[in-house]
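Following this line, the structures themselves.
Below, subunit A partners subunit B and then partners subunit C, in two separate complexes.
After this line comes the complex of A and B, so read on.
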């Protein structure tokens, strides 16, 4: 292993290389630190929700204890829901930046409540957060390029190439240099990640997937650098070609693909669903109450036995038209989710061509911060919201008063911190193509020489 | 060397068979070699044999094929005809064996500027698979004439002469039987040239076959055992040192000038 010591000395004595490696290490460590801090902040926010929620419910109970009015309880009581970050969420905060991870809902129409917070943190939706995924996908390739763009051309331009090739086989020389640079770059990224995952208690499986993503993505960029180096261009031409590749693969093509997907699969915004649902709800004030109740009983015959509406306002009518408002946009909701999922599937397919997209999707999946995680959270909210309605409806439709003891039995949202997301085999296979490029580059390294 | 007397020069055409090599076999050997780059033919019917402990200077104008001759032994250029051997090994077909028997010192010795002389030699020895510790390197650096105080200095501040000494030390540490020198005295001052030539004497004493390509007739005459004149890819003439005065520099210069014309 003396070659390792000599090559290490060679690269670590080079101020530029050492600075690049230290900078990458610092960026990765900072990204992991920022991610861990953000996840801790989210955990703290979620922990604060519980006691505040209890205070809020106690205030409602105290205010309406004497009335026994289930409608007031239903209207004024908010229920906290939350989506605790996974153990690996610090790596890729993903949609947790733009979608709420805490949502208070009540027994009224759900759809308007789901999307009220959709434009939360819009400035982060534009630039994305500085997390490990950002460092890996966008910045790490620049460091690969910095360390490898002049692998051979640098030796040629400095006049050492003939001397080196008179001593050693070029192929093995370049391969050992690339292997060392690859290992150092991997270490700069992996060490902070492993430390962060150990701190956060992430599973070994998640750690394995994340390290595989890092290794594969670096292999792609190292392979690409070797393929460019195999052209035997001057250093400036190599750097220009690789920077062009970086711009194309990480910025231009993903953006164009996103635009194409957006056009090919048009999806309404969640806020449109909210407006449509609200329009249906507000429209209910303008139509005969009996019509509303008839429609409600048609879809919910279990409450058909309820007494006719008395004169004046009644909460069961109010909650019924809220539920009808949800149901009136059910098709749009399905289409909205199907559209989002279709885009996600096309994005996964795109990962077969664009390693950055594939790596990013995998990191977000492991971190459980992708679209699937967001939709899962919405599903959990919807399930809990059904429980809330089912809790109040017997009181409302059977005209039963609700007492303090009854109110104490109200549903409670329970969700333990989620494990890391599971990753599909096809996603890993897509990433496996990176190794194909990497190995191709290594094979081409044998051709690098004096031409 | 005697510049005034003419009887010290013996010359004959290559085909006439100047005795090649001092030892039992030739360390560097090119037989009827044709070589070039693509369609462009550079070397034509080159015959060259250099034995152990022999210093051979190859003179010629620009484009004569001197550097291509070196590339031939280094395996950088594949002959289209003929045969090339380094201590019996084909540099193209048996590159690993040939490389282990050959050291090369380019015209401008470029080293890793941020490493010391010792670290440079250690790195390059390791690359050759011949690193055996720093003591051997120190001995080689000393034998190459580098001051001890320079061993641990970064080579970024080294003169050309000092860099050449580092490269010679590398060759000594590798114990190779053959050494190729590309314009070794170009850019050296007279004292450094003299020092370098004495270093070549050391190499000769160690039995190393040296092929140097150069424009420097005086230096070649000072140190070489044979001088070959290359022109248009053909080895036109070889002159061997004769007696104590070795070469008649004036006669050599006249020949060189005639061939250049």
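After this line comes the complex of A and C, so read on.
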């Protein structure tokens, strides 16, 4: 063990190394702190809107209580839905800062309500968040480079190389040094994350995945640094090559891939379905109301027994054509979602080539803040919206008045508690490739400095 | 030939033999060309698509059948935000904002269907555009290429020889700077050509294009100064490189994110959900504009009756329901605009906070200037939303006027009558024509950021001048 203490002392005595390690620890801790703060803010917002929404519903109920008219209740009452951040959301805030995590819907057409945006500052979103994913994917490799780029060349330039190699076996010496630096870098990242996950009560499984991501991503960069070091270039050339690699892997190739992806899978059906749904809904005013009801009863035979429409306006007709409007764009909706999912899947596939993308995708999956999480939330809203419709239809189609007690029984959004996202096995396998590079680097370590 | 130029020429020769420099330049040029072509193509298709949707929406509006005007007001209209031509250079926040705005009576909707919610996380790695390449990658190449321009002479001992031949150390540094500037010029060239092409082909105005060209030239000048300065100050090339890389990381990668995050937590934004409920409450207090007998409109009714010199609404020559609709829309729009302005003001406070950090990181200043001049910043987006709102207001009020003029009060209050008016009315409605953010205003807004860049330039230039002159003493 004496070598360990000796090497540790060497690292800590080097001002650059010590500063780098402390800075990484501070950045990771800050990112975890900022993430936890933001998650707490989102929890607070969700808690704030609950009572606010209740007051709003109570005001509607008070306004229409004496009418007993289920249609007015259905038309004017909004229902809150929310998507509470998962226990691991602080790691990678993802889409949560640009997509709504609280959304209110009512019994009218869902498709004109589901894509409502959130108020956020696009200029801030453009810069991105300072979360742990950012520290790991962008900054951590720079620290690996700072610590490892002159592993051998530094000794050579200071003239100690020959001496070192004469008293120790080169391979094991470099391996020991790299392993120690790797362990220190890992600790700087892992300690704040584990602390954050314990604080937020994330599951052991999530923690395991996150630590695996951190370990694998660092292994990739350490391996790459060793492979470059094995070329026996001078320090500056090492730094240039590694920084060039970092720029390619985290800045250039992902943006190029995004260009390719948006071109290969265009997604414009969103606007199409919105335009089509409006035409379908408003077109109902132009056709005989009985036609609309017939179409509605065809797909919803359970209300077929309802009394024929009276001469004047009737809410059941109004809500029926809203539902028909939603149903008429079902194909567009599934095409839109398929496009979004295809983009997500191709991004995951890209992870096999780009470790940064793979780590990013995995962290956001664990944090449950990616596109899939957003689509899941939309599914939950759609399910809840179905419940809202089911609640009002018996009153409307059986012409029953709705009383205060009935209204109190209205559906309440139950958020499925999402501890953290589940991670597919193949995504973890892609990370395994990182270890391939890491091991290759270690194998090359024996040749370091021998030229 | 002056000594400065001779040193520059020598440095150029060294650069042309430097494989990293040449490979880097080649890669960056190819990348810039790909980015420029892609961004131009993306802008063209996105703009064409939005134009197509706009004319589809215009057709759908005009081709409505005979309807009650208030039905038309609820059918509503869509407007699509056209993409500014300079978005082909710097798309700014375009991907992060919605481009589809639904306009209807008594509601103010947000713009939906932004790319950010429709993309995988790849978008968050940044977008490959000429602006991104110049802002982020070009400085890095200058660092790699130039970090050892002075240290190399110092480490190999040739600096001492040069100085002993009677050259001033300031002249050596100036020569090196000149050479690096030449290289920076090559880096800038492809993007510059793309930019000039936008103006020459008539897509963009010359003034913003020239300002952008100057701003990015200043940006690369700033980095050339910084690199030369580091190479002068540090004794060893590797130290200069590490110092510059750390500086680049902090200025270009770290601070923009950190400062944005800070601004977001210092000035918190309410969720749309909360705002909607607050608006709804105040809206209820304004009275229901669908019901002419709503007590909240009693005072309005008395005023109208007095104006027309009649005693009951039935005697009015116009449809009172339409008048109440007009008055209700006026009140509710005021309310919506107040809330919208509050949100915009919060956003502007956040942006102002970020802008202040331009003194700390010139990247922020350049980004502000670039987005503002390219017309892809928040102010320009706000400009679109406000025009959309104005168009919505005019549209709804025009329909309310049709209701009060074309339908009698007796008919309008008869539940058995549909009261449709001719579809010729909507065919006569004007289309939405977006007026781009005025160039002179954009330039004025960009001026503070320009001043920050100039201040950075002046500070770095004088430091280089000062320390370059002292280099001789350090060597001897």
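Just so it is clear, the second predicted complex is superposed on the first by the 419 of 451 C-alpha atoms of A that agree within 3 Å, B and C clash if a C-alpha of one lies under 4 Å from a C-alpha of the other, contacts with A are read in each partner's own complex, and residues count from 1 in each chain.
In this text, contacts are C-beta pairs under 8 Å (C-beta built on N, C-alpha and C of every residue); 3 or more make two chains touch, one makes a residue touch a chain.
Quick caveat, the model's predicted, so the values are computed rather than measured.
Once subunit A is used to superpose the two complexes, subunit B occupies space next to subunit C without a clash.
By the touch criterion stated above, A:331 is placed in contact with neither subunit B nor subunit C.
In the superposed model, A:173 lies in contact with subunit B only, and not with subunit C. In the superposed model, the angle subtended at the C-alpha centre of subunit A by the C-alpha centres of subunit B and subunit C comes to 90 degrees, rounded to the nearest 10.
Shared-chain residue A:14: touches subunit B; no touch with subunit C. By the document's definition of touching, of the two partners only subunit B reaches A:3; subunit C does not. In the superposition on chain A, A:165 makes contact with subunit B only, while subunit C stays out of contact range. Taking subunit A as the reference chain, the count of touched residues is higher for C when subunit B and subunit C are set side by side. The minimum CA-CA separation between subunit B and subunit C in the overlaid arrangement is 15 Å, rounded to the whole angstrom. No residue of subunit A is contacted both by subunit B in one complex and by subunit C in the other. Across the complex, subunit A meets subunit C through its residues 16, 34, 37-38, 41, 45, 48-49, 52-53, 55-56, 59, 63, 80, 94-95, 97-104, 112, 115-130, 134, 138-139, 142, 146, 150, 235-237, 239-240, 243-244, 247, 250-252, 254-259, 261-262, 267-268, 270-271, 274-275, 278-279, 282, 285-286, 311-313, 339-340, 343-344, 346-347, 350, 356-357, 360-361, 364, 370-371, 374.
By the touch criterion stated above, subunit A contacts subunit B in their complex at residues 2-3, 6, 9-10, 13-15, 158-160, 162-169, 173, 449-450. Interface residues of subunit B, counted against subunit A in their complex, comprise 74, 76, 95-96, 99, 102-106, 108-112, 114-115, 119, 122-124, 126-129, 131, 167, 180.
Here subunit C touches subunit A in the complex through residues 20, 24, 31, 34, 38, 42, 49, 53, 56-57, 60, 65, 67, 71, 74-76, 78, 92-93, 96-98, 100, 102, 109-128, 132, 136-137, 140, 144, 147-148, 237-238, 241-242, 245, 249, 253-254, 256-261, 263-265, 268-277, 280-281, 284, 343, 346-347, 350-351, 354, 371, 377-378, 381, 415-416, going by the rule given at the top.
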